Amino acid sequence: MRLARPVGLLLLLILLLIPELLAANGASSVETGWFRTYRINAVIVAAVFSAAVLYYTQRARRGDKLFVRKIAGLDEVEDAVGRATEMGRPVLFIPGIDEIDKIDTLAGLSILGRVALITARYETPLYVPVRYPMVLAAAQEVVQQSYITEGRADSYNQDMVCYVAGEQFAYTATVNGYMMRERPAANIMMGAFYAESLLLAETGNAAGSIQIAGTAQPEQLPFFIAACDYTLMGEELFAASAYLSHEPLMLGGLKGQDFMKVLIIAAILVGTFMVTTHLGGDWMRSLFEVR
Amino acid sequence: MEILGLWLAGFFTLSLFSFLYKDNPFYGLAEHVFAGLSAGYEVGLVYHSVILQQLVDPISQHWVNATAGDHPGFHIMKIGFLLFAGALGVLMFTRFFPKASWISRYPLAFVMGNTAGIYLMSELHGRLIPQIAGTFVNLLNPLNLIIFFGVLTTLIYFYFSKEHTGLLGGTARVGIWFIMIAFGAHFGYTVMGRISLLIGQVQFILIDWLKLIKPG
Amino acid sequence: MGFWQRVSQLDRRWIYLAVALAVIFPLLVPMKMKLGITPEARQLYEAIEALPDSSVVMLTFDYYPSTVAETRPMSIAALHQMFRKNLKVITMTTIPLGGPSIADRTMREMAELYHKTYGVDYVNLGFKANYTAVLLGMGSSIESIYPSDQYGTPLAKLPLMQTVKNYDQISFIFIVADNGIVDNWISIVNAQFSKPMGAGVTAVMAPKFYSYVQAKQMTGLLGGMKGAAEYEMLVNKPAMALIGMDSQSMAHLLIIGFVIAGNVAYFMTRKKKESNG
Amino acid sequence: MKTKLPIAIAFLSGLAMVAVFILNPEKVGDMEGELLQWTTVIGGFTLLLGVVSIVRVNWRPVVRRETGWLNNAALILSVAVMAIPSVLPVSWSPLFGTDGGSIYDWFFINLSAPMMATMFAMLAFYVASAAFRAFRARNAEATLLLVTATIVMLWRVPVGEGLFVAINPRLPNLINTYVMGGVNVAVQRGIIIGAALGAAATSLRIMLGIERTYMGKT
């Protein structure tokens, strides 16, 4: 119910915009009105997508069972933390190495929230090195809340999350040193990663840790796949938080994504057919032009 | 000074490389110095490029313009905005006081909401739509055929709503084959650059620092 | 433990040692393996060869210190060609830290070699923040962007800059970069001012930029250390990159060898397990 | 106050960015730049949290003389030599500030830069050991990965390229076109489309307050 108002406001805004945009469309090449009418295609996609997500969230709220297939790797998170507990070794969590204004980092942080719940429950030591101060603040908040939720506020220590270094490879050097000295039982790396991905993953492998990685940076996936036990690819990173929460409400977004995927596949089939047969292919492409 | 710099560079290069054998005191020192310098580096960078360039300089510039009587209202408003942003930044310092640290959620929520708002539109507009349009290809060409099937099967691999069995499972399996070929190619391709960088560092040690080889 | 099992579980440090040897050995004992020259590299070389005497060219140092192994040899080889052909060179960088130092050091060394005078034969503009504004602004007036050069001398006091006001007086732009700035050079300077340009980029970036060459937005391309080595061969000044190419080949062959050995060991040990079990 | 207000702030600041996306900048001015500048400024202030965190974590071992405390002391010293001169005005001495010839620049060029390059170069070793361990023909997928990686690695060096040309002069070009420009592009595109959807869904969840681990509710 708490959602109803903001959601309503958002939908109303988008719905109000559409006729306005349609009316102004094609008037002239230079925009003089209040809206960038040439962005109508993105607005429509956003509106359809939001509507789909909200529809499925509503269904979940009503208690409908939403099926989501198993995502290999995510089921291992809990086992990995459990193994760390048995071995009495820490869990290392890296929320990527990018700033907080990167959506991958936010996805990483929300997974951190789920992981911290498990470490709090089992009282497993958790270490979260971060590269940006803003991520530090957010990660501390996330971990602290998880510990409070599990009733273990006293086990929370601010230095579980610490700022390590601002430079990419200085950060990597420190984390690698930590891996070899402390030999964490599990390394969980979720967020935006760049050239350091393999430096981290190979060192973790040498230290004998179970490694679960996830990133939406396609260039780094081959290295994680080669060096980690489980890898979440692209979209799976964003699905992880919802999946781990076991909360039906969170699955609405995932279902919305799948709904969009069906539409996209249909669009590709139609568009390709039109281009191949020269039946209005250019028109179809013009619909997807962005500025 | 130049000689000292060269020897320090050489020493720390070897110290970091020694980690390949095993963790050791030299690596420990290099790692800590590296991290410290990099934190100090951030301080210099942020102080000049953010605090001065984005906050102090614009405020003083607007102040000069405002006192000169050039649209004073506009410039005073801009100063107000900048001071507000600065105040939000200062609120982050409440994290130093556990009792008041929840106040830092305000600036944090602002930044996160902002990020979410940007990405909601920019991902759909800047990445999704152009990538879909890029896949409208003429299939009477073997390269386009590969792209067409590659994109479709990869997308199907990421479909979460159904168990991967039957036709869907078969297509998803083709998708994972495509993915593996692409990853192998990318891995093999990147090897070249990585080796080049190692060659560069070895050349630094042998040629620039120890002068064991003469180039050319 | 059998031989193959031992191979299969080889300590990674033996692999590290082998890689180190594969890189170091060819540096000490050059093998001078043959190297083919790609059409993209030759195109770039010939575009600069075709410039008339005393033309002004621009050479950029758009790379960080961490990739000098691939990029700096390109700058050096390009300068050999430019100074030998008696071209006037203007350099600049869009990299705040490291970029200016690399440009300064490289230019001084090369100028000394060819007895070139600062201000007359070459000028180093240095770094200015906000590259979009820099790239665009130099189209109308270089002086508006760079009132003074890297060393604080006003451009008015540099003889070379008396004849060069904006891109109009520059015949060719040679970009050496390790980041996406090349896109901006093409989309801003090539597209809006139709300046001919070529680029040297890192190996990881190279495949993306082949399409620019095909679209004729770029005249020639050097990719990674191999591209640098090709250019060293074209200007007939074998140096760091060409020396490095033997190491490059050895390291690749070694890694492939390890992959094959790993697979043979894998199948041998698996067969054994099957026959035992 | 503690939970509801932050959620409202997140929603409104997100909505503002969505609005800016659609609104004509000619009419509303550069609101986008303005809001982004706020984020940058907040981030700038936050750096102090980072510096305090790194100094505090390293200060404790120094005071208690824990094993390896000298390293921690070296770290604190390194922060100081880099940071303090960089914020002092250049007008006092050319050694201050961050320009060429400053203390900041000297440490960057002579220490930080070679160390960055070294860490980057270490990837060569890790690429080799990861390839050795992971590239085993366990099943169809792994075999495809290892075969393509090997072919591409060969193609990238003169020896291998020569070998391919000997088999068929068009072979290197075919690899570039169909593997790098075909399969690679297709898969990247598929991943990007999915990731864009995932990122947009995550954004939506944050804006709507469904995802709010960071502000006091899991």
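Note that the chains are named A, B, C and D in the order they appear, and that numbering of residues resets to 1 at the start of each chain.
By definition in this document, a contact is a pair of C-beta atoms (placed from the backbone, for glycine too) under 8 Å apart; a residue touches a chain by one contact, two chains touch by 3 or more.
Worth saying up front: this structure is predicted, and the values here are computed from it rather than measured.
S.K.: Would you mind checking the shortest number of contact hops between subunit B and subunit D?
M.R.: Minimal hop count between subunit B and subunit D: 1.
S.K.: Higher C-beta contact count, B-C or C-D?
M.R.: Here the pair linked by more C-beta pairs in contact is C-D.
S.K.: Specify the chain most distant from subunit B by Cα centroid.
M.R.: C
S.K.: Please report how many Å separate the Cα centroid of subunit C from that of subunit D, as a whole number.
M.R.: So the centre of subunit C lies 23 Å away from the centre of subunit D.
S.K.: For subunit A versus subunit C, what separation do you get between their C-alpha means, in angstrom?
M.R.: 36
S.K.: Mind checking the centre-to-centre distance between subunit A and subunit D? Centres are C-alpha means, answer in whole Å.
M.R.: 15
S.K.: What residues in subunit D touch two or more of the other chains?
M.R.: 11, 15, 18, 21, 39, 42-43, 46-51, 54, 98, 108-109, 112, 114-117, 119-125, 127, 129, 131, 133, 135, 145-146, 149-150, 153, 156-157, 180-181, 187-188, 191-195, 197, 199-200, 202-204, 206-207, 214-216
S.K.: What positions in subunit A touch 2 or more of the other chains?
M.R.: 39, 42, 46, 49, 100-101, 103, 106, 134, 137-138, 141, 163-167, 169-170, 173, 221-223, 225-226, 233-236, 239, 254, 257, 261, 264
S.K.: Could you say which residues in subunit C touch two or more other chains, in rising order?
M.R.: 12, 16, 19-20, 23, 66-69, 203, 207, 226, 248, 251-252, 255
S.K.: Which positions of subunit A touch subunit D when the two form their complex?
M.R.: Residue list for subunit A touching subunit D: 2-3, 6-7, 9-10, 13, 17, 21, 31-36, 39, 42-43, 46, 49-50, 53, 57, 99-101, 103-104, 106-107, 109-110, 112-114, 117, 132-134, 136-138, 141-142, 145-146, 149, 159, 162-170, 172-173, 195-196, 198-199, 201-203, 205, 216, 218, 221-223, 225-227, 233-239, 241-242, 249-250, 252-254, 256-257, 260-261, 264.
S.K.: Write out the stretch or stretches of subunit C touching subunit B in their complex.
M.R.: Counting only subunit C, the residues touching subunit B are 13, 16, 19-20, 23-24, 27-28, 66-70, 129, 202-204, 207, 224-226, 237-240, 243-244, 247-248, 251-252, 255.
S.K.: Quick one: in the complex, what on subunit D touches subunit A?
M.R.: On the subunit D side, the touching residues are 8, 11, 15, 18-19, 21-28, 39, 42-43, 46-51, 53-54, 56-57, 112, 115-116, 119-120, 122-123, 126-127, 129-131, 133-135, 145, 187-188, 191-195, 197-211, 213-218.
S.K.: Which part of subunit B faces subunit C closely enough to touch in the complex?
M.R.: So the residues of subunit B touching subunit C come out as 20-21, 49, 189-193, 195-203, 206-207, 212-213, 215-216.
S.K.: Can you tell me which positions in subunit C touch subunit D when the two form their complex?
M.R.: Listed in rising order, the residues are 10, 12, 15-16, 18-20, 23, 33-36, 64-69, 97-98, 100-101, 104, 150, 203, 207, 210, 226, 245, 248-249, 251-256, 258-259, 261-263, 266-267.
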